[in-house]
Amino acid sequence: MTADYTPKELMACVAARELRDGEVVFVGIGLPNLACNLARATHAPKLLLIYESGAVGAVPERLPVSVGDPSLVTGCIMVASMADVFQSFLQGGRIEVGFLGGAQVDRWGNINTTVVGGSYEHPKVRLPGSGGAAEIAVHARRLLIIGALSPRMFPADVDFVTSPGNRYHGTPRSAFKHPGAGPRRVITDRAILEANDDTGELELSALYPGETVESVRAQVGWPLAVRDALGSVEPPSAEELRLLRDVLDPKRLFLKG
Amino acid sequence: MTADYTPKELMACVAARELRDGEVVFVGIGLPNLACNLARATHAPKLLLIYESGAVGAVPERLPVSVGDPSLVTGCIMVASMADVFQSFLQGGRIEVGFLGGAQVDRWGNINTTVVGGSYEHPKVRLPGSGGAAEIAVHARRLLIIGALSPRMFPADVDFVTSPGNRYHGTPRSAFKHPGAGPRRVITDRAILEANDDTGELELSALYPGETVESVRAQVGWPLAVRDALGSVEPPSAEELRLLRDVLDPKRLFLKG
Amino acid sequence: MSKLVSMHDAIAAHVRDGDSVIIEGFTHLIAYSAGHEIIRQRRRDLTLCRLTPDLIYDQMIAAGCARKMVFSWAGNPGAGSLFAFRRAVEGKAAPIELEEYSHFGMVARLSAGAAHLPFWALRNYAGTDLPVANPQIKTVTCPYTGEELATVPALNPDVAIVHVQRADIHGNAQVWGLLGTQKEAAFAATRVIVVCEEIVDEAVIRADPNRTIIPGLIVSAVVHEPWGAHPSYAQGYYDRDNEFYVNWEQVARDEASLARWLDAWVYGVKDRAEYIAKQPGLDERLKAKSRPSGVVDYGY
Amino acid sequence: MSKLVSMHDAIAAHVRDGDSVIIEGFTHLIAYSAGHEIIRQRRRDLTLCRLTPDLIYDQMIAAGCARKMVFSWAGNPGAGSLFAFRRAVEGKAAPIELEEYSHFGMVARLSAGAAHLPFWALRNYAGTDLPVANPQIKTVTCPYTGEELATVPALNPDVAIVHVQRADIHGNAQVWGLLGTQKEAAFAATRVIVVCEEIVDEAVIRADPNRTIIPGLIVSAVVHEPWGAHPSYAQGYYDRDNEFYVNWEQVARDEASLARWLDAWVYGVKDRAEYIAKQPGLDERLKAKSRPSGVVDYGY
């Protein structure tokens, strides 16, 4: 064990530990990809990675910089058309875990990757939009959200709901009959938030080393509920750090900062 | 020119002459396949053949005995999945000519390949069913029907409408908004029947050598209308016969009888 | 973890009385070996689904496996009739229930099943008797144009059995030549049995990932069964046994002679290896001549 | 009859002011060369459709070609923002109209377009603001289960432009590696321009017909344009130019610097050959290492 690690490194480790061997994961680039490959290199060698680009069972020989990187194709198990990715794999119920990030995540796990400030028609900041996020949030059997805590990123309500969380303007997710269970956990740089089984509200469930309830609450735009039995989070092991730094992201493309 | 030919040979020639160079044809096995390959070998070298099995641009080195024959695949231009054949090629409006046969063809060009006699539930004779015929009759821009005349095969009304013709229980085809124009011509062993542009009724439009209006009417189960200007049909040329007999069906798999 | 098992064990584990079963394959790659094993294990009350029932379903009907057939073209391709099927429908043998579509309708049903949608829309069936014969053919109104389109319901069989040219032990399966609707059938099914001509190393699959039509993650069992598609064919391996299809007319026209055929060629052999050993000369008669594809490059 | 023409002539003949245009390709095989020629020929009022607009649509927006964009993810993949797009939407440049879906929605629109259906159903969008922002997202009720499903309308662009690894002069086009949604885009469009890395003999296509994704019968023009997808990539030919994507942030953040880039690299070159000749060393930096697929056999 070592105290010499960055928040992003710990986030990658926490995300990796969420994954069980043999699961089918719909992966995005960046920390989710690092987390999956860290899991494959440690406790989950049979994790199956599917990218929205159509690469199934990818074993990239370099760090992919986009979900369409050619290294995801060379030596993968199957290339699916995007129609098959979304219809047969995702809507077909074959994806166990989905990973999403976003510019904003709210109290109910709704994610915004569309616009911030102003209106949809006249936004202050225009973001890229859904990509595959809306359907991942609908269909992945369980959804993990990953992102660094800040009041700006974690407001009480997002400016635009791109990807459905656990409640939409007061209506619970169950009313929409989405096949997936929705956001279960949010992996941040300070703590793990977890959805309340009854209400779907995100609550503080585990603190990273050195963090307190107050230090986390200060970064969140709503009165964050705190679980009775708060979990703790192990810092990265020496082996996890070695893999992340020497093998998985030696140029620190996604671990910097 | 030679008088020494069989009705089936002439049918194949007449069908071949219906095809224009460069057309995209949805082909079945037997006489339609022979006709297309005869056309390719004579006036229409760029005819493009598509089989419902998914073989596009096939150039079989032997006579295929089914639409899924491996000789249709080796050296073809594209193998399409059946979903693509029916959705993108046929429903997508890419097929100019469709060929169909059937156990029964009626006054309106409706085709039956399902049941003869009795009821649907308790038929006297159970036929194979639609296969791709229903959708070919809906979508091919023009439909050619091919079959030997007989009162049994050409009743006033078919026992079951498998593939739509030009009128269904009094309702004109136009009411169904099918993309294809429906059966335009019926190529038989004695004459060519053609659909009336207004009513869709099949009428006698051309006689084969040696046939008369009466000899044709005797084989048809309704009072067959006769066009004012009856066309005549050239017998097979020596070259057409040579191709059919020596090149295209030397074992007389489909030309016998 | 390997999913490789014997045909006996695959059928014993994954095909149960009362199941809906689809053995897909359009002329090409029909899993006859699996059908025969289902007959040998005397499964009953199956709902047999398939675009083109072919001889294999005729044999399964004759053997008493079927309660119902869901299909779009029931004939002997290029040769004639399915006689056991006809006897059942024409009142000359124990009846089976029918649910009938066109090819496009069956493809659409499997597309819906694979996509986990309850229905599929298509332009079809208006002005025909098919929706009269089958009330499962319905309509939907387009929310944009107001057009009325035909619909068919999703088909999600309990088991799909797919014969492929090659697979690895995890069930990653590759096919070339006619693709039929095997991919859709596999994704639509709850359990999937992959039967292959060749078991190959995972590295062979990974060298050409665009040829994979079924990923191992949806596969329950893998069976290695060379010549398992006879008398249908496997492009690049062996030709279709047309003689068999033509001769079948004589075998099947008569109930007793069909029963004798089943005794000799299905009940009377232990497995596919025995079935093949019993007909020497197949290799000389049907083995494919070589027509190589050429190589493409997956480097970057 | 050969359909092979120069990029200049293909764009001149098939892309008109006011057209809806789709240059499809997911990261892989993006027809940059065609986009640049559209800019050089100063097309106006285009509706640019595409899942991932990428830098090429950002360049076309900056050049004033676009009236509207139909899309699902507008970013610089792996690097950041599309700044010309953002300026247009954030009120800092001439505005463009937006019609926005998710990836699945766009794929569904193209699937409907290719199948000549007016809509496509999918399980999506309930409990999000996307149908609020885009009233074209509607619903339909399943005639079997009564479930309410989301729908999107068919997308049938006037022109689809697709970059492929190889094609023959008739437009029969083969792709391996990521397939994106190019096949659907081509079948959905009224006119299709195929741009290829390599023109091959028809015999090469016919030796491996399962690799064909677009048949010549739907193709209007074929353009031979080696390196035509740079800075995106062509599996087996050259790698993605990631440096270009990363450096683009600095080029495009400022309107004037983006205009200078267009002057130098689009208006300032006659064609793709000049564009490539202007950046020596691409070959050494990006040329693909070999990873052969292996051979399969199509014999019978």
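All chains are identified by letter, namely A, B, C and D, in their written order; residue positions are counted from 1 within each chain.
Convention: contacts are C-beta pairs under 8 Å (C-beta built on N, C-alpha and C of every residue); 3 or more make two chains touch, one makes a residue touch a chain.
Keep in mind that what you see is a predicted model, and the values were worked out from it rather than measured.
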Of all other chains, the one whose Cα centre sits farthest from chain D = B
Task = Count the C-beta pairs in contact for B-D and for B-C, then report the pair with the higher count.
result = B-C
Note = dist(centroid_CA(chain A), centroid_CA(chain C)) in Å evaluates to 40
Remark   = Distance in whole angstrom between the CA centres of chain B and chain C is 28
Message = Counting only Cα atoms for the centres, state how far chain A is from chain B in Å.
response = 58
Key: Shared interface positions of chain B, touching two or more other chains   = 55, 70, 73-75, 79-80, 87, 91, 179
Remark   = Within chain C, the set of residues that touch 2 or more other chains is 116-117, 122-123, 147, 176-177, 179, 183-184, 207, 210, 233, 235, 239-240, 291, 298-300
Ask   = Line, ring, star, complete or other: which describes how these chains touch one another?
value = other
Query = Okay, what are all the chain pairs that touch?
reply = A-C, A-D, B-C, B-D, C-D
Remark   = Given the complex, residues on chain C that touch chain A span 1, 114-117, 172, 183-184, 187, 202, 205-207, 209-210, 212, 215-218, 298-300
Request  = Spell out the residues on chain C that touch chain D in their complex, using ranges where they run on.
outcome  = 116-119, 121-123, 138-145, 147, 149, 151, 153-154, 165, 174, 176-177, 179, 204, 207-208, 210-211, 233, 235-240, 288-300
Request  = Would you pull the chain B residues touching chain C in the complex into a rising list?
outcome  = 29, 52-55, 65-70, 73-75, 79-83, 86-87, 90-91, 114, 120, 122-126, 128-135, 138-139, 160-165, 168, 171, 173, 175-179
Key: Residues of chain B touching chain D in the complex   = 24, 46, 48, 55-57, 59, 70-71, 73-80, 84, 87-88, 91-94, 179
Key: Contact set on chain C toward chain B in their complex   = 26-28, 51-52, 71-75, 77-78, 81-82, 85-86, 89-91, 100-105, 107-108, 111, 122-130, 132-133, 147, 176-181, 183-184, 233, 235, 239-240, 242, 245, 291
